[in-house]
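For reference, the structures are reproduced in the following blocks.
Presented sequentially are two complexes of chain A, the first with chain B as partner and the second with chain C.
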Partner chain A sequence: MTDQEIIELVNSSLAEEFELELADMTAETTIYDDLGLDSLDTVDMVIVLEGAFSFKIREEEAIREIRTLGDIHAFVIGKKRQLEAGL
Partner chain B sequence: MTYDYVVIGGGASGMTAALILAKGGCRVALVEKSPRLAPVLRGFSRQGLHFDTGFHYTGGLGEGETLALCLDYLGISPGIETVAYRQDGFDLFRCDRSKFEFAFPVGYGRIRQSLCESFPGEEGAIDAYLEKVRTVCRALPYLSLDADWDLASSMQNLHGASLQDVLEGLTDNRTLRGLLMQHCLLYGVVPAEVSFAQHAAIMGPYYESVSGIRGGGRNLVSAFETSLNQHGVDLYCGSAARSLEFSAAGQIRALVLDNGQSLSCKACVASIHPQHLLEMVPDSCFRPVYRKRLRALEDTSSAFMLYAISDAPVEALKGANLFLAQALEDDAVFEAQSIKQSPMYIAASGYRAEDGAHQGLIGICPTPDSVTRKWAATKRGSRGEDYEAFKGEAMQRMLRRIEDALPEIRGQLTCVEGATPLTFGDYGNTPRGALYGVKHRIGQYNPMPRTRVDNLFFSGQAVAAPGLMGAVLSGFLTCGHILGHDRIREELKRCR
Partner chain C sequence: MHRVAITGIGIISCLGRDIDQVGAALREGRSGIVVDPERVTLGFRSPLTGGISDFDPTKELGRKQRKTMPDFAVQAYAAARDALTMARLEDEQIQNDETGIIIGCDSSCIAAIEQVDLLKAKGETKSIGSGLVFRSMTSSVTMNLNTLLKTRGACWSLSSACSSGGHAVGQAADLIALGKQERIVCGGAQEINWQSMCSFDGLGAFSLRIDAPSAASRPFDVDRDGLVPSGGAAVLILERYDLAQKRGAAILGEVLSYAFSSDGESISVPSSDGLGRAMKKSLQAARLQPSDIDYICAHATSTPAGDAAEAQNITSVFGPSTPGVSSLKSMTGHELWMSGASQVVYSTIMARQGFTAANANFERPDEHSAKLNILTETLSQPPRTVLCNSAGFGGTNACLVLRFDQ
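Our next item is the complex of A and B:
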């Protein structure tokens, strides 16, 4: 998957499961203020990403530091590359 | 009149939540589908003897221990009398194939000693295991009132190593590993699926003290009823909760019951199977991903349960339970499909009111709910002759297995009642008759007390842990979210 494909899959998965408008979703969009998610949604965000990319997320610290959609993109791309490298 | 809180579900967690909120100064209504509160915890009588279904024994009721403090706080303690189990062996494990036996004693010191005697050379693994259990219990905020409150640890618990992985890392002795896994019958999740932390949080309190309650679950429910009455909680029994009504601002404003009655309220605690709550609210109140998560929640196993009267009290079950396993070394037994191969739990029951002795027993055998699925659409009392024949045969098989394990009472037992997955579904109000409701397993995200709807909360074993202690603690956890954890934990500390 290219970075762009990953970004698109992140956005479309979140849009569907959280009923968000794709048009509102840019890398700078903050997930808590702009998209209106809160700490309760974190677990569901993890579930959506795990389902979309078929990996398990165990990096609690990294997840807690996520503020923008761009942070999520970077996290997923990093995770995907790690797995591809067999790490 | 408008209630501050309507609590849906009159089991141990719902009764607990209702009491805490009422003690906190709220006007509370408690709604239970059955004609009386807590049918599973209460049990029932046959031929003048009382049989327990949902409650047999627990940890945490020793002086100053967690569950005892909770019951003090709730005003329950004056109404009950605890009965200590046998200190030298509260659970007797017996293996059909190898004839290996082990009496699990009460107290970390005694457990260590007994395990070391049965498994020479395994002292290191035994010490490490017991220390790991203790460490988990010390760190949990309600289990240990002095622990730091750190919600972040909850995710770690879910995702930590499994019980099986931890035991395999500690020892190569399969019998020892198998023995320490057998208690998973008390929470209904197989060792490969349950996190070590969840196992430890449930078993730790049993390692410190083991108690029953004189007169069984019925006396416990009756003490709850007295306290609910004293605290002015209004009970609505005999009609199920049907739907929640919302204000234009998306807040709950009433609960409508099956009988058409509407209870106006400012907030709601749902102490029911999470999937049942979905049927009571419009789709729009939760996000699709959350609804999907709740719908996908896996339940614990269901079970067959036998209730039998014996000609005389069963000596082997005085102050102790019996766990039967085909082979301790074989993890597959936890998912066995037959009564002969499945593990079995046997406890004294059939309480005689006149002298407090038990003149019977109960046996529980985990079984998947698929065994009764073809009758799922039938109604209790009219499931048909083929169902009755199926249930009768299952009870006879359980009876024979118990007689094989306790030959001294062969021919003295009479089956007076039986339960199947459908029975558990009816009385526990779970969709598939799960013995312990929703599973707590690694990778499954159970609901938290808070939901997206500001004035709607979850409670019950799905949010904390199963068993009396799990259910009661879930009530405290949920009400802690509502009234403030510091306040509730401080008040609990004052009960010490």
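Our next item is the complex of A and C:
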């Protein structure tokens, strides 16, 4: 997957789960203030990302640090690249 | 003590999605009972159930809001919105310390099953998701309604089996009468699904009249063979009477009194005097004589023992000449946790629409129901002073006296 494909899949998965408008979703969009998600939603965000990308997310500390969609994109891209490199 | 007005009602039941549909069904004696074929396959004794087919939760609330809500909580929200609209109460008028929510509810079965199944399938608790903990609680309805309506007063669910809705409306009325709240969104909610009813079905208490679903629920009839489970949500807006008058609200009726009792006997068989004691106390609290009541909205569920006990209790209070009696469960089936509240909503609908519904399917009495004045045809006059009975497993009884001035 290219970085762009990963970003698009992250956005479409979150848009479906949280009933968001794709047009409102940029890298700078904050997930709590702009998208109105809360800490409970991050529990479901992890499940959605795990389902979309077929990996398990163990980095709970890293998830707690996420503030923007760009943070999510970077996290997922990093995770995919790690797995591709067999790390 | 303050007087308590009914200023709004809303209902989602197997008789319809709003008070007009439900009123038409009650007037015509139309049943909401269906056969659920899945229950046959699963090994139920009876596949009969109340059916709600025209309610779409996705039209009421978004996915994020529904994540923490079982279907019956969404139904309660829709009914609450209808009731608030009827009461002409805007959001800012209820978002204060003086507005509460009390709903009768005694289960949320599906979520409890789903969370266990998900854990077993996924092998880790974090994959269960965030919604099920809130959906699985008995208080799911009130915690969600509070979040959505943003009221700031009383907020709890009340559990007392099949009298939950009756006690919820009664407690709401008492809190207003005592001056502790100015208005309360109250009622009852009941899930309809086979999962929540399978062990109840196993007790042999459900009707087996599968070839004639609309004739299956026949309270007080000598040939009754059991209840039909049903559900939905019924919501009322109760308000301090003087405040409702002051703001120019249309007053639909008045809760004159609420009284309760418990049997202290069997877990499943109603006693010969428990409901009667609550009826007497409710009449005393309303300062009425039995002869002042012109309609009894009976609890009778169509079980042989339960209906006989209620008939005996009514006779013990009202003597040989009873007011008109009907059990609307003859059309709705037994709405369980919701039923005590839905009886108040149905009585209010009848008062507004100018009729008193008959006890459908009542063809021949038994020795106990022969002593009651059971309504066999819809009356063209509305009820004026009403006694609503409800009773639950373990022998917990709630009686409400209502008055409707035309």
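Please note the rule applied: the second predicted complex is superposed on the first by the 87 of 87 C-alpha atoms of A that agree within 3 Å, B and C clash if a C-alpha of one lies under 4 Å from a C-alpha of the other, contacts with A are read in each partner's own complex, and residues count from 1 in each chain.
Simple rule for what comes next: a residue touches a chain if its C-beta (ideal position, glycine included) is under 8 Å from a C-beta of that chain, and two chains touch if they have at least 3 such contacts.
Bear in mind that the values here come from a model prediction, so they are computed numbers and not experimental data.
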{"item": "First (chain B), second (chain C), both or neither touched by A:Arg58", "value": "first"}
{"item": "Chain B versus chain C as contact partner of A:Leu40, first or second or both or neither", "value": "both"}
{"item": "Partner contacting more residues of chain A (chain B vs chain C)", "value": "B"}
{"item": "First (chain B), second (chain C), both or neither touched by A:Ala27", "value": "neither"}
{"item": "Shared chain A contacts, counted only where both chain B and chain C touch the same residue", "value": "17-19, 40-41, 43-44, 46-47"}
{"item": "Interfacial residue positions of chain B with respect to chain A in the complex", "value": "152, 155-156, 159, 287-290, 292-293, 443, 445, 448, 450-452"}
{"item": "Contacting residues of chain A [partner chain B, same complex]", "value": "16-19, 40-41, 43-44, 46-48, 56, 58, 60, 64"}
{"item": "Chain A partner contacts - residues on chain C that touch it in the complex", "value": "62-64, 67, 126-127, 129-131"}
{"item": "Residues on chain A engaged by chain C in the complex (per definition of touch)", "value": "17-19, 40-41, 43-44, 46-47, 50"}
